[in-house]
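Below: the structure, in structure tokens.
The first chain written gets the first letter, and so on, giving A, B and C; residue counts start at 1 in each chain.
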Amino acid sequence: MLLNPAIMALVMVSAVICLMLLLASWFAVRVLSHWDINSGSERQLRLERRTYLISTLLVWAFSFQLMSLLLFIYNAESMSGQFVGAMCATGVLNVNAWGWPTLFLKMGVFFTGAVWLVLNYLDNQGHDYPLIRYKYWLILAILPLVAAELILQLLYFTNMDPAVITSCCGALFSSQSEGVAGEISGLPPAQMMPGFVLLGAAVILSGVWVAKRRQGGWLFALLGGAAFIVALMSVVSFISLYIYEHPHHHCPFCILKSGHDYIGYLLYLPLFAATALALSVGVISPWRKITSLTLAVDRIVPRLSWIAVVFFSLFYLVAAWSVWTSHLTMTGVWW
Amino acid sequence: MLLFLRKQKYLIDYTLSSLLRRKGKSLGLLAVYTTIVFMLASVTLFTHALRKEAGLMLQASPEIIVQRMQAGRHAMIPADYLQRIGRLRGVMQKAGRLWGYYYDPIVKANYTIMTEGQSDTPLTEIVIGTGIARVQGLDVGDYLTLRSQSGEAFSFQISALLENDSELVSADLLLMSPKAFRRLFSIPEGFYTDLVLSVRNPREVNKVAEKLSQLLPDTRPILRDEVLRTYESVFSWRQGILFVLLLGSVLAFVIFAWDKASGLSAEERREIGILKAVGWETADVMRMKFWEGMVISLTAFLIGYLAAYGHVFFASASLFEPVLKGWSVLYPQFRLTPYVDGLQLATLFFFSVLPYIVATIIPIWRTSIADPDAVMR
Amino acid sequence: MLIQLKDIKKVYNQGKPNEFQAIRGVSMAFEPNRVSCIKGSSGSGKTTLLSMIGCLSRPTSGRIQLGEQVISSLPERFLTDVRRHTFGFIFQRFNLIPGLSVLENVMLPAYPLGLPYKKLVDAARRLLQQFNLASKADNPIEWLSGGESQRVAICRALINDPKILIADEPTANLDSKLSNEFMQLIAELRQSGRTVLLTSHDPEVFDSTVVDRVVEMRDGVVLADVG
């Protein structure tokens, strides 16, 4: 399977990202061990210049990471024709045990990467590099994640056996099936829906609160994370049903297909962007206590919060719209 | 936001004028870059279109083909097997097919012969693909002589040529009546090459195949979906092989790009020095260089991709002809149906633009950290 | 804006065999709205000193204060920001970019600030008008004479409306007539409320009546400070 060009591209990108992070980490360690902001020595000047390289490497690495996440899902979708029993990405991810972990790891790296970029941006606003130690340690923490993703992905692609009959969304996401996916699919929409709506309202309100008052960033991040998870569960539990207009089709990937007007992208992209921003707000708002960053935090936090609020609203509007315009009526069944 | 956009606009303006000032160097890079994109894009577009074409072709073919096996080899199947199959749940239609290959020693080519029509179709009329017509210099009304199994020569009058649209499939195709086919190849009545079954409900295909192998133990059922799956992986595998071959040139391109980005002329170095001295910051210079890369990448990608598109869909991938001709003397002069998808574009991007960006990160950084006071020394 | 230097040192190639102390402890202050000239032979450290004052480089140790702000320990990002809004530079070789028009060369320092285009062009044209170069605005820079190039360099130095003008050996490439004209322009700049710092070993400059103060340097230390 490694000779499929899209797979080659994915493996190559992961390897490149891993290399870039390795390079950045190496420089970061050098910077951390000799850093002395008060010195005007040539070495300090060299190290300060090196921070530009580290930032650039990581900006690109994390942009590539985002693209690779998209390509990974898109590729899984398009490979569904090559496996017996696979109708969409779910089936392809189910081909072996590594598919889902790879996807979740990619998502994890995406979120940590986004947070790192915001942290880096904030640090660049302070004239004394106040966060340099934290952000460079964070790179060292992200590196194993990226390496793990590279390995898992390689395992996933090399262990793809076209002879294996995989189970697709119909089997995995059904209330009868075992495991997490089955449990989520079996969640009663009558309870899921109010939770989804309430958490949505809470996260948007807390976002507006943070944007206006510049405090409570951690709460916004917490709610954002929770809203993200509940939103994904809700997509499986009931939103997808309305999109497919089918009372038992719970798949979170089929909504990405052209047959459903690619509405999945309209749901996922704002959701992911909003969650990344909300998490970043949570991570940067505590640094307001550092004098050289107070002004910057006061400027950046509201801005990011507003954008996050807009994206969250967009997600909830699209979700509401797809439920509203659906021909599926479950009122008699669920209520 | 507006401020940010205006800054970027100034940087892009500057980078454009600086690219134009160094036409030679920019054009050299652009040419190599475009070639890389062109080659990769040609391969992807071509194999994708072939795969699509094959898929479309198979779409029309029956769900199940039953072949009789004898001593591990394909053998003629008796017509009464159709009766032996009897009524299977889900099978909508069943029929026997006659087809085969004919080697023409004059042009050293294999024709695919299929049968068409009922027993009342005139014995001596055939329809041929344009590939055969071209090689033999034939047209409608002309005669084509084929030697039969028993050594006799049969002359057929050509009643029509197959349409160009499907030439990829039909270049080497020859259609004749079943009766003529049996005469030509000495196949007795009551035997077919294989049987075809059509099954409406895809879920029932596997069940039907299972029953068939019980009913007719000396046959093997070939499922269309299985063929499709094989095609899918074979085509992506072929494409992969070509990509691996091209990877060498991508690597060469990476080295070239690295070299171009780090080997700045004295004049360019001075220019960066001046920019830094008059108030550009390292990040500004890096952003300016980033835009330079974007401008070059976009241009190369666009030109390379469009050229590949023209090459594959209008010029019938003529550059690949010598390679592909190995298949058959009757190289089809086909027009592929244009087919573009996002995955293809993304893959292409990852194989061309991404290597370029990665290759230039460190050289750009090295250029950009020039001392602002260097021009005073 | 008052410029204060305290025990400034600058070492190149620190810790290596070719270690070189360019500045060995300089403390002084420059008052606003005056023309000061640092004189000395090449290698005396005058250019290095000027580049540190002008935020082009950072001292190895010591403290530079610009008005209320300590700039000696700012990272490059912020130094550049201070520099863009405070200093204008005229270099010995005019350091104009060939292939660009006169107007574009003048606007160059303002690009990273992202001003509206029209505003920027208007400002640049006004400056060119003021220095009698309006008719040449759209010419390539290569078509200009030495004196004209010098005036373009001045325009470029003034585009961000800096408080302090720094000129490093500005007359080295000019004949005495043009040098005189240049000093007249400096006088006008002081008139308009700017501080000017020059380096030179040209008597035409440091003996000029326009210069209020002459600092003499040798081997990285101040020898004399007159005026």
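The criterion applied here is as follows: a residue touches a chain if its C-beta (ideal position, glycine included) is under 8 Å from a C-beta of that chain, and two chains touch if they have at least 3 such contacts.
Just so it is clear, the structure is predicted and the values come from calculations on it, not from any experiment.
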(Q) Quick check for the class: compute each chain's Cα centroid; which one is farthest from the centroid of chain C? (A) B
Q: Work out per-chain C-alpha centres and flag the one nearest the whole-protein C-alpha centre.
A: A
Q: Using mean C-alpha positions as chain centres, tell me how far chain A is from chain C in Å, no decimals.
A: 50
Q: Quick one: report the Å distance separating chain A from chain B, using the average Cα coordinate of each chain.
A: 34
Q. Taking each chain's centre as the mean position of its Cα atoms, how many Å separate chain B from chain C?
A. 63
Q. What are the residue numbers in chain A that touch two or more other chains?
A. 49
Q) What are the residues of chain C that contact at least two other chains? A) 76-77
Q. Tell me, which residues of chain B touch at least two other chains?
A. 282-283
Q | chain B contact footprint on chain C (complex, rising order) | A | 47-48, 50-51, 56-57, 76-77, 80-81, 83-84, 89, 91-93, 95-100, 104, 108-109, 111-117, 156, 160, 168
Q.
For the complex, give me every residue of chain A touching chain B.
A. 1-10, 12-13, 16, 20, 49, 52-53, 56-57, 60, 64, 67, 70-71, 74-75, 78, 81-84, 162
**Q.** chain A contact footprint on chain C (complex, rising order)
**A.** 11-14, 58-62, 72-78
Q | Complex contact set, residues of chain B against chain C | A | 3-4, 6-7, 9-11, 14, 17, 21, 267, 270-271, 273-275, 277-284, 371-373, 375-377
Q. What residues on chain B touch chain A, complex-wise?
A. 44, 228-229, 232-233, 236-237, 239-241, 243-244, 282-283, 286, 341-343, 346-347, 349-351, 354, 357-358, 361-362, 364-365, 368-369
